[in-house]
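Listed after this line are the structures, all set down as structure tokens.
What follows is chain A paired twice: with chain B in the first complex and chain C in the second.
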Partner chain A sequence: MKKILLIEDETNQRILCTETLEKEGYQVIAASNGEDGLNLLKNNDVNLVIVDIRMPKMSGLETLANILGQRKNLPVIIYTSYPQYKTDFMSWAADAYIIKSSTGLSELVAKVKELIGA
Partner chain B sequence: MPEKEKILTLILAGGKGERLYPLTRDRAKPSVPFGGIYRIIDFTLSNAINSGLRKIYVLIQYKSYSLQRHIREGWNIFSRELGEFIDVIPAQMRIGTDWYLGTADSVFQNIYFLNQEKPDLVLILSGDHIYKMDYRRMIEFHKQKNADLTISVFDVPVQEAKRFGVLEVNERQEVISFQEKPENPVHSPDNPDMCLISMGIYLFNTETLVRRIIEDAKKPDSSHDFGKDVIPAMIGKDRVFAFPFTDENRKETKYWKDIGTIEAYYEANMDLVSVEPVLNLYDTEWPIRTFQEQLPPVKTVFSLGERTGMVLDSIIGGGCIISGGKVYRSVLSPWVRINSYAEVSESILLDRVNVGRYCKIRRTIIDKNVVVPPGTIIGYDASEDKKRFVVSETGIVVVPKDYQW
Partner chain C sequence: MEPKDTLQYEIYLLDAICRGLQATLNVDKIIHIVLTGLTAGASLGFSRAAIFFINESGILHGGRGIGPYDQNEAEKIWADLTSSEATLEEMFENSHRKTLESQRFPVEIKSVRYELAKLPVNSPLRKVIYDNEIILLKGDERFLVPEEFHWFVRHATQVVVAPITISGKISAVVFADNAFHYKDITPGMISFLSIVLNHTGLALSNAFAYESTRHNLEQVQQLNEKLRQVQEELLACERFAAAGRISTYLAHEIRNPLATIGGFARQILEIAREKHTDPRIARNAKIVVNEVRRLELVLNNLLRFSFKQPAKKQNIHLLSFLNELMEVLSISIEDNGIHLNLDIPQHIHIYADSVQLSEVFYNLIHNAIESMKHGDYLTISAGEENGYVWVEIADTGYGIPPDVLEQLFKPFFTTKSHGIGLGLHLVKTIIEENHGGKIEVDSRVNRGTKIRFTIPKKEVGSEKNTAD
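Entry: the complex of A and B
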């Protein structure tokens, strides 16, 4: 079973995403901030990371930079409510940038499937 | 002259210069002293400011104290109020825990600074080379060709090309192949004896640069080097052009030197004391600046037969005292002292070297602060010199910084 690391500070979003991805047959481990997420990454064989941008302690972009430092070719999806970080060069290091919206979650699932398969 | 587009200059100054050991024992290659009063990086920095570039980051990592100090003392000349800067950026390991893995990685790890500035173009230079160039001509060429990347190129004989990145171009100057240090280099289209090599001068559209270094950063098997990885991957995908180096030195042969070895370093310095040096340091149209402290004038003293203070065919930095000794065909940095009856010829003496009475020094590089005891002979007996010092293949002796007898 493919394992996804979800880094999301907002509890409802975290639960919603986790349940949706689990229904699609993925195993999801979740962290509520970048630091915890990076620790989980160290100790788990993860196939893909989904990361929010605006989070306390360490921003999603900083987290992304650290993920690259640890696992260069690990697929990463940015999942955020804010489109403006698209102009930040660091965000270009993600494999996808998906906006949380009414269709966001289904886009997210489709992208996950595209990147790592079902 | 206001810039039409926003250009950010990155000078990669992390070069170790291992083949210049022991001159690079305590300093990175760009910080190695040259020509009496300069450091190697002064040429690149001077080119940049003479070209009207005013936003410059110098990326450093290896043995960088000397370089940082030099830039702080000598190059703090811009107005931040006007958005101008020469900033030294040490390796910060913000992405991962590694030092810079390669030239492309050094830019990738500083993507934050690109993001802050959001320039239209990024000019990437090396702090390792000595040459004079107006980058504005290259920028113009880049725009004319509507290029994604322009690489400045220099002609070298085929047998020397193996040390460099070798380019193959079509009739439109578009690069169709790029090989780093190839065994069998492709010769230039108009001369079978010459190759086009990369001078390590890259002008990128920012967006292309960012996309390509990110792609490269995500490849686990890459060495994260522009020459080895990023540029070869761009050929055939992006618009990559070769710009033939235009030399502001304006001599018969173009001057671009990678001062990679002790021999090359020695020869480039010796060029400066010839009657008509190839490298012209006296051109007010293209000044080379550096850090210079306030120094008293050079002094020669004694004219008493054998005890005559004399300097011939040499260049001498401020504050030197030639006291009853003789100096021929040599380069003296500031504060050097030559004492009575000593004879120094075809040598390079760096700051504060003190040559004792009756010394005989020939074909020797003496690094900073060395006090040579009276009667010392260097450069006349290679086997004797080799017991104490690094001696190059051609017999140049190097006395390291702070050496104590």
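Entry: the complex of A and C
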């Protein structure tokens, strides 16, 4: 079973994403901030990371930099409600940039499937 | 008046003129006082006086003149003057004096223009203008002045021409004559004229200095006023920008929970369908999904959210795309009693950004639903033509009046009590700017509206990055 690390500070969004991805047959481990996320990454064999951009403590882009420092080829999806960071060159290091909305979740699922398969 | 009284009268006149000149800073009034004073004792003094100014380009041009134009006017004016009981001061104050003045003489004077560069070397006017002398021209000498002045000097037998120095520069010339009474111009009258014109020069210097100071002051005041306006505009801009920042902030804050609500509602909808529970659960979840989508649309329009982003184009299977979209929209279509007809051929793919395309359809279909009544038809059809995919959304609703049609795509134009009028503007931007397509509207009042847009098909040779 493919394992996905979800770093998302908003509880409800975290539950929603986790449940949706689990329903699609993925195993999801979740963290509410960048630091916890990086710790989970160290101790788990993760296939893909989904990260929000605006988070307390460590920002999403900083987290992204650290993730890629640990696992250079790991697929990463930025999932956020802020479109403006799309032009930030750090975000280009991610494999996808998806805008959060009520329909964004199906886009997210489709992207996950595309990147790591079902 | 007897000759022995002449000196006394001249002194009285001089005193009155000087006091009049000291009391004003108004150029017109100064000229009026001088010319009135010079011609006041008409039967013993000058019958006419006229002033000409020298402008910066060296043109001598008519200013003002007082006196009769011909013999008839002369007799009438002098009769009026004799019978008038007005004092000199009252005459300086003007009002009734006008009725005594010839209208023709001043008008003719005003029209005189003479270029000083053309002045002959031997012209007596040179002495006046360049040597600051007063000259008396008698008999035929009168016609030594330029031709432009002949029309009036010919009525007199003697003419005095004198300069006026204003702020250290000879800037005006006065002609005074003995027209129609033909009495000799005496050395005493010339001295009198000289004294009056010295005072006039001083008075005019003051008046022009005052004028220019006032003009400068006015400019400063105007600049101040402009500055104040700019400051106000700046403040208004700042307030507007602040309001913009607040609404952007709020919109973002609302987007997040909205995404969560909508996402959960979709989950509930799916679960309710799978488990075949009470059908009201699915229906109600669908309502939540639909309403959330509508709110997101409003926020997106407000933030001009989607067209700030470059279109992420991919080939989209139009029929499945619309079926999924209609899943959500079907409630408001059914609730409004509208018959939906999807006429999309299976093979049609549209090369577009899926988020932006759904915004286009949501905006257009919502508008169509709002313009229809129970029992109306909504038809969505599509096809291919000359390298383009066309989509047509036709309703049998109220239609759009021609005056509204013209403004349909303008930002912030709306006929609705709700909404901010960005929807169709956004649609046009997405179709035309982001996708290189074209959108057209055809509408008849009470017959319905057809909106047709075209989007270029994917170019051959750009096969990589195909997402479907």
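Criterion: the second predicted complex is superposed on the first by the 118 of 118 C-alpha atoms of A that agree within 3 Å, B and C clash if a C-alpha of one lies under 4 Å from a C-alpha of the other, contacts with A are read in each partner's own complex, and residues count from 1 in each chain.
What we mean here is this: a residue touches a chain if its C-beta (ideal position, glycine included) is under 8 Å from a C-beta of that chain, and two chains touch if they have at least 3 such contacts.
Since the structure is predicted, the reported quantities are computational estimates derived from the model, not experimental observations.
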{"item": "Fit or clash - chain C, chain B, common chain A", "value": "fit"}
{"item": "Which superposed partner A:93 touches (first chain B, second chain C, both, neither)", "value": "first"}
{"item": "Spatial angle chain C-chain A-chain B, Cα centroids [nearest 10 degrees]", "value": "80"}
{"item": "Contacts of A:10 with chain B and chain C, given as first, second, both or neither", "value": "second"}
{"item": "Partner chain(s) touched by A:39 [first = chain B, second = chain C, both, neither]", "value": "neither"}
{"item": "First, second, both or neither for A:105, with chain B first and chain C second", "value": "second"}
{"item": "More chain A residues in contact [chain B versus chain C]", "value": "C"}
{"item": "Touching partner for A:81 - first (chain B), second (chain C), both, neither", "value": "second"}
{"item": "Superposed arrangement (fit on chain A Cα atoms) - minimum chain B/chain C Cα distance in Å", "value": "13"}
{"item": "Sites on chain C touched by chain A in the complex", "value": "252, 255-267, 289, 292-293, 296, 305, 308-309, 354-355, 358, 467"}
{"item": "Touching residues (chain side chain B, partner chain A) in the complex", "value": "94-98, 111-112, 114-115, 118, 210-211, 214, 217-220"}
{"item": "Interface residues, chain A side, partner chain B - complex", "value": "65-66, 68-70, 72-73, 87-90, 92-93"}
{"item": "Residue ranges of chain A touching chain C (in the complex, touch as defined)", "value": "10, 12-13, 16, 19-20, 81-83, 86, 99-107, 114"}
